[in-house]
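Have a look at the structure below before the remarks.
For clarity, chains are labelled A, B, C and D in written order, and residue numbers in each chain start from 1.
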Amino acid sequence: MTATERVPAIDGWFTTSEPYTLIGAKCTDCATYVFPPRSGACPNPDCDSMELEPAPLSRRGTVWSYTENHYAPPAPYVAAEPFEPYALAAVQLEAEGIVILGQVAKGVMAADLSIGMEVEVDLQVLYRDADGVDHWIWTWAPAAPEASA
Amino acid sequence: MTATERVPAIDGWFTTSEPYTLIGAKCTDCATYVFPPRSGACPNPDCDSMELEPAPLSRRGTVWSYTENHYAPPAPYVAAEPFEPYALAAVQLEAEGIVILGQVAKGVMAADLSIGMEVEVDLQVLYRDADGVDHWIWTWAPAAPEASA
Amino acid sequence: MATERDLVVLGVGMHPWGKWGRNFVEYGLVAAKAALADAGMVWRDIQFVAGADTIRNGYPGFVAGSTFSQAMGWTGAQISSSYAACASGAQGMQSARAQILAGFADVAMVIGADTTPKGFFAPVGGERKEDPDWQRFHLLGATNPAFFALNARRRIDVFGDTPDDFAMVKVKNSKAGVANPYARFRKEFTLDDFAGSPIVSDPLRLLDICATSDGAAAVIICTPEYAKAKLGTLEGTVRIRAVANTTPTYPQVRLELPDIATDSNAVVAAPALGFKDSVAHNAYEQAGLGPEDLSCAEVYDLSTALELDWYENLGLCPEGEGASLVRSGATALGGRVPVNASGGLASFGEAIPAQAIAQVCELTWQLRGQADGHQVEDAKVGLAINQGLFGHGSCTILSK
Amino acid sequence: MATERDLVVLGVGMHPWGKWGRNFVEYGLVAAKAALADAGMVWRDIQFVAGADTIRNGYPGFVAGSTFSQAMGWTGAQISSSYAACASGAQGMQSARAQILAGFADVAMVIGADTTPKGFFAPVGGERKEDPDWQRFHLLGATNPAFFALNARRRIDVFGDTPDDFAMVKVKNSKAGVANPYARFRKEFTLDDFAGSPIVSDPLRLLDICATSDGAAAVIICTPEYAKAKLGTLEGTVRIRAVANTTPTYPQVRLELPDIATDSNAVVAAPALGFKDSVAHNAYEQAGLGPEDLSCAEVYDLSTALELDWYENLGLCPEGEGASLVRSGATALGGRVPVNASGGLASFGEAIPAQAIAQVCELTWQLRGQADGHQVEDAKVGLAINQGLFGHGSCTILSK
C-alpha cells in the first residue's frame, strides 16, 4: 500500500500524502482562517462572506498545552484493545492564529512534551475497521530539527 | 406454552392471563385514573398526592375513532415482513373517563369498525424477537355479545 | 390599535423549502442573512438570538441559538435555544419578545432550520420505555399520520365530512403554493389526483399528509422605539399583537400526539374550552381582536382534515362546519379569509423548528403587500396557529 | 440596593443528588413540590414554567417545561424548554425572569432534573460528521476530562501550580459538602487520598474530576409586588440582582469544549476581556456590584483546577494567583469569601440541567441563613457562575 492510498478518518481535513498538511478554510473576503474546514459563513461577525475556500495550514506549530488519556474514551472513539494511554496536544499555529487539538504521535507521552515545544503534522492509524481498513488521522509529532524554519 | 407464560411487550400495562385487562394507575387520594400506569405524581393539578397504585381498568369500551396503517411504521416498531395493514382504535372507557389507543385484533379492519361500537381487551403477538420469543400486546377486539354488560 | 408593547417585525427571511440533506446550519445562515438584508441591518446589530432547536442533528441542533450565533460570528449577544416540537419557532418568538419587553434587548433575531430524514418521523434512538414517543411507536406503530387519521375519521363519522372535503384543502393550498418561491411543491393538485394517491392511514391518503422538508426561516423583531429610530416612522410596519403559547388544562380529553391515552375526566370535569380552542382564545384576548378581524391565517395543515379543525378552533365557523367553509371558497385566495395563502404545509412540507417562524414571514409579506402571486387583498390582520407534540399550543397575531 | 426589577426568590427545592437511574421526572417532581412547600404555594399558583432540558432522556427531556407541567398536572400555564448544556438552568432562570419582567407572569417556576449514564459523558448516538461533539470524540478521543486537563496543565506550566494545589480545592469542597444533606458524596478527602487516585487525564486524577449524578432542583421567582402581597414585607427576601447569559466575542482564542480548534486571531484581534472574564463582568455590571461585595460564590468545579480559574475570572484574585488563594483559606468556610460552601460539584457530581438551578437554591439558603452546618457567616451577596459547552456562559447574583 502506498501512502496515497491512506483512508482518512474524516474527509478533507488533511492531506494523505507527504508533506502531511492540515487543511482549513479561508474566507475569500477577509482572509480569516477556520479549522476544521467548513462551508457556510465566515465566522468573523463583521464579514458577510459565505465563501470559504480550502487552505493548507502551517505544518509546524508550538504546543499550547497537552494531556494524556489514561482511560479509553467512549464511542464513537474506537479504542484499541487493550487500551494504551496516549497524549493529546493543543498546538498554536503562528501564521493562522489558531490553536488546534490533535493526538500526539504514538509513543510520545506527556512527559516528553512541554509548552512552547515545536511540533509538526504527521499521520498515524486511528483505528482499523471491521473490514480491515485502516483509518488515518493527523498527529502532532516532535518537529524534526533539520526541517526547522 | 400456557397463557400465563406470555411475555408482555411492556411490563405492567396489562394482565397476561384471562380475563385480559389493562392496568392503569389510580390516585390513592383523589381517585383519578391514569394510563399508562406510572409512578410519580397524580396528574390532577389540584391534588398533591404522589401515591398512584395499580388499578385494573374496564375490559370493555366504545370506539372513539379508528384508523388503518397501510405502511409499516418505522423502528422501534417491529413490523412483520411482508407488512400487513392493521387497524388502530381509540377506545373510550366509560367508568374511567379515559380514551386508550390500541391495535385492533388481527383481521378486524377499519371497514369492520364504527364509532360507538363496543370492543373489549384481548391479547395478540406484537412481534417475535431474535431469540424466537413472542412479545404480546393488548388489542381491542369486537366485544363478544354474550358477555355484554 | 397597536400599543407600545406591540413589537415590530423589522425583517424576515427564508431559505426555500426542499429536500437536500445538507447541514441545517447552512439553511439557517441563508435565512438569517436574508432577514438582515430585509431589515437593512448587519449581524452585529442583533442583541439577542432566539434559536428554535432541532433534535435530529446532534448537539448543534440542541443549542440552535449558539450554533447560529457562532456560525454568523460570535458577538457576545445573549441567546436562547428553545424546543417545543412543531411550536419551537413560536416559543423562540416568545423568548425574544419577552427579552425585549423586559428591557434586556431592543432588537432580536428568531431563527430555526432543519434537515429531515425521509419518510415518517421516527422517535430518537434507544429503548426508552418511559418515553411516550417510544411507547406509541414500539407498542402500537402509532405514527403521526395515524393520529391525524383518528381525527379525520371523527370528522367523517360525526360531522359527515367526506374524503373529498379533505382533498379540497389540498387543492386550495397547492393552488396558492404554486406562486410561492419558497414553497417546495409548486404543483397544483385536483380532486382527480386523489384517487391515485395511496391510502397511508385510512381515511387519509398520501396527498392528505404533509411531507418532511429541509428549510429555514428567520425573523428580526424590535421595540417600536428602535423601529422608529431606524425607519423614521412606524407607519406601515408590521406589529406583533399576540404570541400566545398555551398548554392544556387538565383533564385533556382529546387524544393528542404522542400520548397513548387521554387524561381521565372521571374525577375532574373537562374544561369548557378545549385545548386547541383555548390557544386561539388566548391569542385573541392578548391582541384584543377576534376571528372577525382576521384578513388571513396560516394554520398547521399537517393533514388536510386538520385544517378544517383549525377553522373551527379559530372561530372562522362553528364546530362541524369546516368542510362547508372550505367548499364555499371563503378560505381560498380571494375568499373572505384566505387560509394558508402561502400554500401551507401542503406546499412546504414540515421543517419543524422553522415552520412557525416561516408563518410569521408569510404573514409579514402579506401585511406588507409583498406576497406576489399569492397576495391576500388589503391584508390588515394575520394569524398563525400551530400545535407541537406534548401540549405546545401557539398562536401569533400580527397586524399592520 | 435592590430595585423593582430585582425579582424575589420565593421558594427553592431540591432532590438529593445520587445515582439511582430512575426516571428524571420523578426527581423533578420532588424538587418542584419542595419548592412549592418552601414558598407556601400550590402548583396552580405557578403561572409560567421554565424547564431546563436533558438531552439523554428521549422526548420528555427535550420538552422539560412540558414534561414537568404535565406530570404536576396541566393548568394551562405558559412554558419554555431551554437547552444550554451546563448553563441550561441559568437559561431557564433568564427565560422565567424575562417573562415576568415583560409582564407575562407574576410568578414562575424554574426546574431541571437529570438521570445520567455511568462514566464519561459520550455524545448522543449516530455518525454526525458535522457535529463538533462527534468530531472530538471520534477523531481524537478528546473527553471532557481531557479538556479540563489542558487547562490544568497550563496552570502548572505557566503559573507554577502543583497537583497539590488542585487537590486543595477538593479537600476544601469535600469538607464543606459533608454537612450538606443534598450532596451525593459526603466524605472528607485529604491530600493523602490523592496519591491513590488514578490519573484520568494527566495531570488530573479521578479525584480532581467531578462525577455525573442524578438530581433535580427547582426555584420559584416572582415580582416584588407579588412577594410583598404574599409575605407582607420584602424584608429579608432573597433578590435576583443579575442573570447574565453571555456568549463569546469573536475571535474566541481559548480552546473550549467541544471544539477541536480555536477561532483565528490573525485578522481580528482577540477582545480585551476573555470569554469567562466577560461572563462575570456582565453580571457585576447588571447588579451594580463587584467582587469585593461577594459574601460567597458557587462556581462550576468540573475539575479542581477549574475552580482556580474561576477565582481569577471572578476577580477574587489576579490571574495566576488562584492557587495562593485556595491555600490561604480565603475560599474555605470561615474564609474571606467561601467558594462552593455547598460542597460544589466535587460533592454533588454533575446533573446537567439541575446544576445551575441548584446553585441558586444553595445561595438562597446561604442568604437566608438556612445552610445548617455549611453556613457562610452573615452572607449578604452570593454569586453563581458556570459555563456550558458551545459558548454558554452564565452568572447569577443574588442578594439579601
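We adopt the following convention: contacts are C-beta pairs under 8 Å (C-beta built on N, C-alpha and C of every residue); 3 or more make two chains touch, one makes a residue touch a chain.
Every value quoted in this text rests on a predicted model; they were computed, and no experiment measured them.
Colleague: Could you run down the chains that neighbour chain A and chain C together?
Modeller: Chains touching both chain A and chain C: D.
Colleague: Which chain lies the greatest distance away from chain D when centres are computed from Cα atoms alone?
Modeller: Greatest centre separation from chain D goes to chain B.
Colleague: Provide the C-alpha centroid distance between chain B and chain C, rounded to the nearest whole angstrom.
Modeller: 33
Colleague: As a quick test, compute the distance in whole Å between the mean CA positions of chain B and chain D.
Modeller: So the centre of chain B lies 43 Å away from the centre of chain D.
Colleague: As a quick test, compute the distance in whole Å between the mean CA positions of chain A and chain B.
Modeller: From the centre of chain A to the centre of chain B is 55 Å.
Colleague: So which stretches of chain B touch two or more other chains?
Modeller: Where chain B meets two or more other chains at a single residue, that happens at 43-46.
Colleague: Multi-chain contacts in chain D: which residues touch at least two other chains?
Modeller: Within chain D, the residues that touch at least two other chains are 23, 25, 70, 73-75, 123, 130, 134, 250-251, 263.
Colleague: Of all residues in chain D, which touch chain A in the complex?
Modeller: Contacts found on chain D: 119-120, 122-123, 127, 129-130, 134-143, 146, 149-151, 153-154, 157-158, 198-204, 250-251, 253, 255, 260-268.
Colleague: Under the definition above, what is the set of chain B residues touching chain D in their complex?
Modeller: Listed in rising order, the residues are 39-48, 50.
Colleague: Give the list of chain B residues in touch with chain C in this complex.
Modeller: 9-10, 30-36, 38, 43-46, 64-79, 86, 88, 90, 95-103, 110, 114-115, 126, 137
Colleague: Note which residues of chain D are touching chain B in the complex, please.
Modeller: Touch residues, chain D against chain B: 23, 25-26, 29, 33, 42-44, 70-75.
Colleague: Write out the stretch or stretches of chain D touching chain C in their complex.
Modeller: Residues 5, 23, 25, 53, 55, 57-60, 62-63, 65-67, 69-70, 73-85, 91, 94-95, 97-104, 123-126, 128, 130-134, 245-252, 258, 263, 271, 278, 389-392.
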